[in-house]
Amino acid sequence: MDGVELSMENISVAYNGDITVLQGVALRAQPGEVTGIIGPNGAGKSTVLKTIFGLLTTRTGAIHMGGRDITGLKAFQRALEGIAFVPQNRSVFPGLSVYDNLLLGCWPFRKDKARITRAIAATFDKFPVLKERSASPASALSGGQQRFLEIARALVTDPKVILLDEPTAMIAPKISKDIYALTRSLADQGATIILVDQNVRQCAAISDRLHILELGRNKAEGTKEDFATDGQLKEMVAEWMNYRIDV
Amino acid sequence: MIWGGVVTLIILAFLPVPLFTTNLSFMFYMMLWLTMATSFNFVAGMAGYMPFGYVAFYGIGAYATGVLYKTFGLPIPIALAGAAAAGVAIGLLLAPTLRLKGVYFGIVSLALAMAMKLIISLMPAKITGGSLGLILSGANDPTMAYYAMFIVLLGALAAGTWLSMSRLGIALRAIRDDREAAEVVGVNVVRTRLKAWVMATMFPSLVGGVEAWYTNAIDLESSFNLLVTAKSIVYAMAGGLGFLVGPIVGASALYGIDQLIWRHFPTLNLLILGVVIIALMLLLPRGIVGAFAQRFSRFRRFIP
Amino acid sequence: MLKVDQLVKTFGGMTALAGISLTVPDRSILGVLGMNGSGKTTMLNCINGIYEATAGEISLDGVSLIGKAPHAVFSEGVGRTFQVPRIFPQMSLLENLAVALLNKGLSNAQVAEISAHWLNKVELYRLRHNYAEELSGGQQKLLELARIMVANPKLVLLDEPFAGVNPSLALLLIGIIREMPQEVGCSVMLVSHDLTSVYELSDNILVMHEGHVLAEGNAEAIQKNPDVIEAYLGA
Amino acid sequence: AEKIRIGMTVSSSGNFALASQSGVRGVEIWVDEINKQGGLEFGGEKRLVELVKRDDRSDKQMVARVYEDLIVNEDVDILLAPFGSTLTAAAATVTERLGKFMVIWSAASDALYDQGFKNIVSATQMPVSRMPSAGLEAAHALGGKKVAIVNVDEPFPAGLADGAEAIAEKLGMEVVLKEDYPKGTKDFSLLLQKARAAGADVFFPTSYEGDLISMVRQMRQMNVNFPFSFMVYASTPQFIEIGDDAQYIYSHTNFHPTINWEVNAGLDRAGFISAYETMFPNVSYEPDFQTVLAYGAAVIAGEIIEKADSFEADKLKQAALDLSDNLTVLAGPYAVDETGKQLKMPFPVVQLQPEKGLVTVWPEEVAVAKPVYPIPAWDQRN
Amino acid sequence: MNELLLQGLVNGIVVGLIYALIGVSLNVIFGVLRVVNFAHGEFIVLGAYGAYFAQQLLGLSPLLAMPLVFLVFGLIGYGLYFLLVQRLSRSNDPEHASLLVMFGLSLVLGALMLLAFEADSRSLNFSLEPPFLMFGNVILPTTKLLGLGVSVVITGCLAYFLYRTMPGKALRAIIMNRDAIQIVGVDLNHLSALTFGLGLGLAGITGIIVSMIFPSFSPFIGQDYTLIGFIVIVLGGLGHPIGAVAGGILFGLAEQTAMVFFSGTVAMLLGFVLLIAVILIRPAGLFGVQNLR
């Protein structure tokens, strides 16, 4: 799994023609790194991910993947290019079995039966709960189990770029630890990961680079070291986290 | 306030017509479609239900009026009241179908409309006039029928106004948005829908009855013609479901277009009507008012 | 007081709840933890009548809730929120709240007053005329909470109220929940994976596992319980 | 001089489209014919005739509206009815209310004439209750004893079926099956087998063409045959076009090469055919009995106008009564009673026979061939 | 009477399977794509005209015309999807918006057919030798057997496609979650358009079969078929080809056996009553799964 650099410059996005949500947002994510995005509700974090994945059309700006301009590609084409997306809201196919959900995750290489078998078996190893329930319809899974399924389905293709939108919301602490560990290890293996998370401490802990978004604009960004050393940045995050008694 | 203006406009437009012309039909049928589309909106727009068999109530109203007048010799006003009662009664009878969802409800109600037609056709010809139907030549009084339709229209508008402002209206919209969530915050879904349903069944029955009085001819084919449902849907949706003014705008615009087409392209009218409907839905999929509300979302809350 | 006794729920062959018993005393907060799929949401669904319990008894202040439809359970004074917020997107915030007050026999002025009070509390008052779909995810959670609180419930069931909520809003939410037993006089059942908040808010904590009660006790005891560490918290 | 304006509706679509359009071609022939002669004699001068036709989409609502529009806005002087009893009833309430005279060419329902309408007259269409008589008389004469009557549940076919039942009983035949089925029925095999199981030797379905075509096809598929099968619309070119399966079926018509009435108003057969061919060279079908009925009605309407010399409804009606029994048009002899009901215009019985084609077989006065009876079973045809 | 009842049962199954065939093609468009195809009956009738003109102009037998009609209709469907259906996803309520568009289309198609083919009833000049087969006392027309065979084959293939192959599963997944289907890399529009094409192609074939078995057709009868199609799939359950077969047979059996004892009108009434009863007992149809969305 070789990640590629993913970047967006000067991106503006609007819903319904007149509600501008992003204004000139820029972002750069390197292979082998986790790039974290934090910000208050409604800042536009999910919108950034949806835009990278091509579910929304941009007003201005461009998106590059490995140096190639992918702004004009449709969502499914980006998926075929190797971008995986775990959106914030539910994205399982409720009426299909767990197995079939994973199978559809293999769509990009659907002709290669052997690879499908291998990929699904590997996924089941990583997520034994899913193996247990492989024949039940996804709608019968609990909220958290559906979340595993989404993550598992996204990873089944060995994607180059992985977009995670609050992957551990509603997930038990024991498992969120596993998921963060998995995220980190995927990055260490070379994948490019963009992680949106309200769990600021965890996000900061595993990210190599952090972006803060507010009101649809870049507010601050820096590497882990910047945040550790730069006083202003440090304060910003601290203030941010101190909203919570203790996260 | 805007809504008050619309209602006033409607009253001013329709009230004096019989003073000026004997060609009442254009305005009569305009009122008919305004009423049908408005009351269709009670179930479709406010409760999120699509009864494809809406015509059943229209047909029942027509037949109830005809039978009561002709076979039982009752005066027209009483026959019309009977028609409303018959429509509501059948609506109540069908209440169990309200637990069905979406398309299922639609298709079942369509089946019910067909069943209703078959039942009437199986009734003795002495009562229903058999397959020829009933001719009410003795009741011919288009001006009175015109005003009867006017009153029915006003009734439908009043009901719509009340519905959109009342608690029932809020409950209905909550159900439409998220049925389960509504139930969890205390809305009795079945009972609420039943109320809207009863209101929505009364008006087409009255309309059917008044129309029968106006044309003096009742028969199965036209009383249970699916085009009646189809047009109610088309007119209401073209305007924008869920808005009070939606059906008004939709019905007046499309009815006008329909008339123009029919006059100028006598042989191609259905073709053109079809094209107009397609174009409208493709260009304004949320209807005229809905498109406006979406484009200018700031003003959305001012649209009645 | 909510009493749940030997509650069982099965889906076909799959047992989601295998005999859960618990009580929520008046004016107290019960925190519920548990692995994903352990049956927390299912339990809430059984209590408020979305699911029909397979066996067992549920009662609120001595009134059985078994067999009651969700709207009837609501009338008994049980409000709940959902794991994924379910507001009425095409209605204004005020109308969203009004839905919960429909059967209370209140005058319009009273409705307005209560609504304003709660919208102020969740800091959404200035958006009161906006459509609910225009709110961010976190705000929708707050609206959902306000929507049940206006009805002055006896018992509030909260399913993951903090998931995806940003720190400042979470703080607001925690403040509101903390005050609920005293100010509103209701008891709360708080289902969440947000350990810090659960520890901090709960009078008593229940840990569920595979449809059973794994442990029960105060925050300290739970944190130390080896079974809980093994099954839920992780090392 | 000012033109005489005649209003009517045609169905561009819906159930009545085919019949209605066939009919209006007949009216157009008459208009053309009259105008070539300089028009109708009216008020001491020749006045040209103009046909104002509108669409009714086979829709009753539409008819009421359009007839009102024709009278109020288009100022027509006299009206021709739309197709069929239902539409005609709707039109009649309007013409009656607005005091206009209407000439009917296709409304056969007996009930229509019992409503007390004063300003209508059925020029060419005999009432439905009498229409099946020729067919059943033929069946009776040939030896048919047990009749199976089936119909689609619509006014005209149902009226025919009721009439057939009454006539059959009067003739002393036993009605072993009388059954209706709803519009939209697609499969008739069971119905056919029921008729056979009931022991019928006369099969008398009174539905419209489409259903009749399905019935004969399925008769073959189910190996069902009756010694005498009479189908109202089996004489139409569309029906005959379906091929061999249409053979031997009995039907009736008022328009056929072998039927030549002593016409004293309008064109005779030959003249009519040549007029039709010049006017409608591109229409794929020949004139049928609807065309002839409508043409005949138009001719009679013209005679009535000339005789009345007025457009007042009661004068026109009086003229219509005065002309009763004095006219014979292409469709046959004309006679009406006070209610406007047609009393004559009989329909001869025809049969499609191999080699000979459609030939008149009953009554004997106009017959040109012997009926093939009983109709040979399917495996005995070649 | 017994013999007639037996014949009624057999007839019910055969007619039911033909109804099912109508339902199956509609189910692809309505059950799977959620496009309320009110013009379905018109397409079926067009299929019949296709065979009619293939026979008149090219001398093709209706059986040979099937692949041709399937291809032509499939292509038309593929194009129509982009023209008419794709944009509807922008609507609040795509399902009901599609109902209207398709209603408009049914008006247009009806009017065009009337212009092109005139109002007359037509009938394919087609028969098989022998025209019927006897099984004991029960008679079965050969064309019906043929239609029965085609129904079974088409339903089988479709069930296999939808439930066993990946594109089929992807197809069913579309209505479950439109965003998610793009997340896994499926070209939503292409696949939907293919499906629409498949549905119309099947409608064309259905038209040919139907016109061999219910012999006459005219531009006006489209609505009848649309209604039958909807009834069948609501009875059987949305989206499921086998469900459509069950629904079709149930409806056919009810109608035909009732016809043995009562008039056609009563039989049809009983058919509707059955539909209503079944739906009230099993609100998602015989094979339906509830709460898919």
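Each chain carries a letter (A, B, C, D and E) given by its place in the written order, and its residues are counted from 1.
Note that in this section a residue touches a chain if its C-beta (ideal position, glycine included) is under 8 Å from a C-beta of that chain, and two chains touch if they have at least 3 such contacts.
All values reported here derive from a predicted model rather than from experimental measurement.
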item	value
Contact network partition after chain B is left out of the picture	one piece
A-C against A-E, pair bridged by the larger set of C-beta contacts	A-C
Rounded Å distance between chain C and chain D, as computed from the means of their C-alpha atoms	75
Inter-centroid spacing, chain B versus chain A (mean Cα positions, whole Å)	50
Averaged-CA centre spacing for the pair chain D and chain B, given as whole angstrom	37
Multi-partner residues of chain A (at least 2 other chains)	90
Sites on chain B at which at least two other chains make contact	118, 121, 270
Parts of chain D lying in touch with chain E, wherever the complex brings them together	12-15, 17-18, 21, 153, 179-182, 184-187, 189-191, 193-194, 197, 208-211, 213-214, 217-218, 220-223, 238, 242-243, 284-285, 378
Chain C partner contacts - residues on chain B that touch it in the complex	167, 170-171, 173-174, 176-178, 180-189, 242, 300-301
Interfacial residue positions of chain C with respect to chain A in the complex	11, 14, 33-42, 83-84, 136-139, 160, 163-171, 174, 193, 195-196, 200, 231-234
Chain A - residues contacting chain C, complex	39-42, 88-90, 129, 136, 140-145, 147-148, 166, 169-178, 198, 200, 240-241, 243-247
Of chain B, residues touching chain E in the complex	44, 50, 96-97, 99-104, 107-108, 110-112, 114-115, 118-119, 121-122, 226, 230, 233-234, 237-238, 241, 268, 270-271, 273-278, 281-282, 285-286, 290
